[in-house]
Structures are given as structure tokens and as C-alpha cells.
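Taking it in order: structure first as C-alpha cells, then the write-up.
Chain lettering (A, B, C and D) follows the sequence in which the chains are written, and residue indices restart at 1 in each chain.
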Amino acid sequence: MNVRVLVTGGTFDKEYDELRGTLSFTRTHVPEMLKLGRCRLRATVATLMMKDSLFMTAADRRRILAACRRAPESRLVVTHGTDTMAETAAVLGRGLKDKTVVLTGAMRPYRFGSSDGLFNLGSALSFAQALPPGVYVAMNGLCFPWDDVRKDRRRGVFARKIRR
Amino acid sequence: MNVRVLVTGGTFDKEYDELRGTLSFTRTHVPEMLKLGRCRLRATVATLMMKDSLFMTAADRRRILAACRRAPESRLVVTHGTDTMAETAAVLGRGLKDKTVVLTGAMRPYRFGSSDGLFNLGSALSFAQALPPGVYVAMNGLCFPWDDVRKDRRRGVFARKIRR
Amino acid sequence: MNVRVLVTGGTFDKEYDELRGTLSFTRTHVPEMLKLGRCRLRATVATLMMKDSLFMTAADRRRILAACRRAPESRLVVTHGTDTMAETAAVLGRGLKDKTVVLTGAMRPYRFGSSDGLFNLGSALSFAQALPPGVYVAMNGLCFPWDDVRKDRRRGVFARKIRR
Amino acid sequence: MNVRVLVTGGTFDKEYDELRGTLSFTRTHVPEMLKLGRCRLRATVATLMMKDSLFMTAADRRRILAACRRAPESRLVVTHGTDTMAETAAVLGRGLKDKTVVLTGAMRPYRFGSSDGLFNLGSALSFAQALPPGVYVAMNGLCFPWDDVRKDRRRGVFARKIRR
């Protein structure tokens, strides 16, 4: 089974710029994380963009959708900033069928230690292999369908839209 | 959905004893790892034993099987040393039905940094939620059925029994 | 021998705010770092302020000078942002006598891993114990007198004012 | 100022062998640690041996003494296992004059995270630059003369021989 990992940026890949003392993006850490996880799944990593998801535009989301459609793989993981992950999931959910796409991200940069990134990547790759076609968000050890997920910004966690 | 995590020891939970300069077990790190993963899945962690899997006996495996049967949850993750993980998986696979049980472990202790443990735990919890009843081994980002998995000791990875 | 550690902020103590996705200060990590270093030197840690040194004012520097004078200890370490560490060192150098004061900091936050902070703290505490009265900057494994040190911002290192 | 770092092994450089599940030595981590500390001191690293200090013989200690004498530098740091660090310090203390030699080590391997190694290395390099000729042990943020130091094995710390 082949899985494609589409990188779009987000906290996952944020770095600390020592000379400027600010947060920045350089390159994705996904290949390093797959190596750390001793991952032997055939995974192709492709960087689409490196954006804080607060600055992601409708055009960016169309690019992500097009990349999912164009991918030869039918199973994909999309790394994404958490702030607008649910919005992108909705664009993909409405625009895709016959593919399993799992969005994931991190609350703390992988490179800063104590990150949830490695846990989330392991989780997303597994849901991407096991779930039927559909678009999902994998965060906090859970998997949400694209039309029933929101980020609870106050608590920094993902939840269903309506408490049942 | 509720998942039970049964802890049996293994490299996952090995520690470094500073006073003796040796490897040892103290307590499981699974709750700390779930916290690091910002995990919000309802997971009950129960420590069954703390053993290097090279020293695991037939009686130990019967205890693990009994604990899986007795658990109120129908979905379980078992943390286990990698050396005899496939043997325990076989005992569980023959003895259980109607439960989804995923065994996982680590090649490097979680507490030593650069560990695959957090990735594997995220992966195992996800497979445990998504897969139908059966016994599986989740390692290296992959999921193997209990009757078609072996540890390739020379390379330190899990593989199918026969190359196809 | 007793040493006082005066905390003023700087990269050393920067944290990542998960909910806002920004850099911030909460509390100092110096006590945790002393514990990690298994430090048994009698060290009293006092937080004077938590400031990015780019925003440090003349009044802030007078407060640091006053705190050094007021301290019962004759040996002090001052943690400080690197950007204006040399300026503060000059204020202390001109205003103090009969005390050994060593300023130090970090290029990368301690909490982000891969930090030089622990190395620098070990270094500063040692120079503070071993050097005669005077004001010094301890960075990059070196010790500079307050009147012959500058930060080379382009390279992110400390150097003597004039190449000899 | 030039400093020579003589590597002799010890917990400092212990690694975890993933395939065997045991502690082992491969190569020294001192150059990586100096890089992490952004160290710009001219330091030459030379590996003399890679030994658990419990297995260090009288012949090994003579080799270390000879290496200290032979070194062109008059200031040296010796990394060493903690168990017999005081014994080696005594051999060097009796055999050397006109050189400043500082022995240091770690209670936890550098590669396992949460190590005191980086703190101790920063400390030892600083004492080596600042102290007059003599042989010292730098551990726990303190510096002991070779003839008044012992390891308190029960507590895992260094102390003076007699409480004063």
C-alpha cells in the first residue's frame, strides 16, 4: 500500500530562527519524523506550501484539492496548521470521492521537543491505511469526519461540532 | 469509543538506572506519552507486568490473553517487547474473537529520546479504533495480522513471514 | 561558596504558547536546569524581570545593577537576552567592584531542545566561582571581560571587539 | 587559549544498542556536544579509550597520565566514568605539575536526554580555562581538588572526603 504525504506547513514544521529570534519555516520535518518512527510504509512526501494556516487562502485550498485529485495514490495524509484545518477538510470533503484523505498537524512544533507531532503522524498514517474513502481530521488520538469537526481554540483541542 | 491499553513492559518502558548504570524498569510511560500526544481518546491504562519480552513465559502469555478477554472494552492496545511480540500475538490470535487487539512496542526506550515509541503508540491506538475484530501487530507504520508477522532481528524491523 | 542567579529573561527562558502559536515568557527554567545538571552549588535563583533584551531600558539596567549590589553574595550569574547583553555588561562593569558577575544566555530556548542554554549555564556558574572580581560575559564556551565583548549578530556568536 | 579534551568513555558516551537491547559504546559525543554548546573555544578532542570506568586498570590510568603529559596544551579536560573518576584524578594529581586538568563525566548518557553531560562539559571547560595548574574534578556544578573528592555512590553525587 502506498500513501502520499502532502505537506502544507503549520505548527508541525515551525522552526526557531536563532539569528532573528522568531518563528519561521525552513523545510518540512516529515521525512525525519518518518525515519524516527522507523516507518516502512511506502510514503511519498511532497511539499505543496509552507504556510501558517491562518494565512491560507481559498486559492491555497484549491491547490491542495487539486494535488489530492492528481496524486496516483488513493490514500493521503495532509499536514496542516490547526487553526483552519477544519476549513480545508471541508473543501476536500466536498471535492473528493474515492480517496481516503487524513489531515493532521501539531499544537507544538516537532523540533521543539514535547510535541504531539510524532504521535499525530503515526495516528494519521494508520487511519489513512485503515479507513474507507472519505476526508478526516486525525488529532488528539481521535479521527473526525470532515463535516463534524471544529478546533476548540480556547482549549487547543479538536472536538465534534455539536456535543451529543 | 473506549480503548484499554495493557502494559507488559518491553523496550518501550525501559529506563536508565543512574546509580547502577544499567537498564531497568520502574513504571510505565504510557500515561505521559498519551498526555504528550494530547490524546483525548478514552483510554484506560493497566499495567499487567513489566518484562523484557525475552523472559516472557507461556504463563505470562496466558495472563495477557485472560486480561484481554476480561476487559470490558472490545478494543485494546498491548505494549510489548519486540523480541517475542509475534509469539504473544499468536497466542492472542488463537484465543480471542470479537475483539480488536493491536500489539505495539519500540526499538528504543521512550525516555531516551529519538524513540519510535510515540509514533507507534499513535499508530496502534488508531488501528485499534479503525480495524475489525482480530489481533494485529502495529510497528514501523504498518499493521500486520497475527498469523503473518515476524521480527527481522538482524535489521530490527517487522515484516511479513514470507516475501510475496 | 554561595552564588546568586539573577534572571532577566532572554531567549534562555522563551517558551512556545500553544494556544496563540507565538513565543512568550512564563517562568524561568533556571531551577529545572540546575536540577538537570545535578547542581549542588548553593545557588539562589531570583527573577528580576522576564524581558526580551531588545526591549530592555536604561531603567531596567539600573535595576539589575542595584540587585547585584544589594545581593549578599559576592558571586553572581545574570541570565540575559543576547542582543543587548554587552550593553548591560558595560553598565554593570562600570558600576560594580569587588563582585564577580558573569552574564550568560542562549541562542535557542532551553525548552526547545538542542539549546546551548545548559552548556552556557554550567560554564557561567563555573567562571563565577573561579574568576576574580569583575564583570564578564560567558558565551560560546568562552569568557569575555565586559569592556571587550560584542555580539556578532550576523553569525550569532560573541567575539572580542577588535580582532587581534 | 587552546584546550585538549581527552575522551576515556564513561556514562557520558554510553549508547543504546537497538538490535541487542543493551548499553554500548560506539563513538564519543563530545564534538556534537561542543557544537550544541556553540563552543568557539579552540578545543582538540582526542579519544584515548572508550571504557566503563569500573573496568579501568592501572595501565589505563598510566596511559591517561602519559597523554596529559604529552599534550601540547597546558589545559585539559578528561571525560571519564564517574565510578572511578576520583582514582584516576589521584593518579594524575600525583603525576602532573604545571598543567590544569579537569575531569568530568555524567550520571546519565548524553544521548538519552535529561543528561547532566552538557552542563558538566560547559562547567569543566570553564574551570579548565580559569583555574591555576592542578588536577580537579568538576561535577554537580562544583570543582574539587583531586585529593579531596569522592563519589557518594548511594546518592550519585560527588562530595569532599570529609565533611567539614
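The criterion applied here is as follows: contacts are C-beta pairs under 8 Å (C-beta built on N, C-alpha and C of every residue); 3 or more make two chains touch, one makes a residue touch a chain.
Only a predicted model underlies this, so the values are computations on that prediction, with no experimental measurement involved.
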Exercise for the section: Taking each chain's centre as the mean of its C-alpha atoms, give the chain farthest from chain A. Expected result: D
Problem - Mean-CA-position distance for chain D and chain C (Å) - result: 26
Handout entry: Inter-centroid spacing, chain D versus chain A (mean Cα positions, whole Å)
Key = 45
Handout entry: Separation of mean Cα positions, chain D and chain B [Å, integer]
Key = 39
Problem - Shared-contact residues (touching 2 or more other chains) in chain C - result: 107, 114, 156
Practice task
By the touch definition up top, name every chain pair that qualifies.
Solution key: A-B, A-C, B-D, C-D
Handout entry: For the chain A and chain C complex, residues of the former touching the latter
Key = 11, 14, 16, 18-19, 21-23, 52, 54, 83, 107-109, 111-114, 153-154, 156
Problem - In the complex, chain D residues that touch chain C - result: 33-34, 36-41, 43, 107, 114-116, 118-127, 129-131, 138-143, 156-158
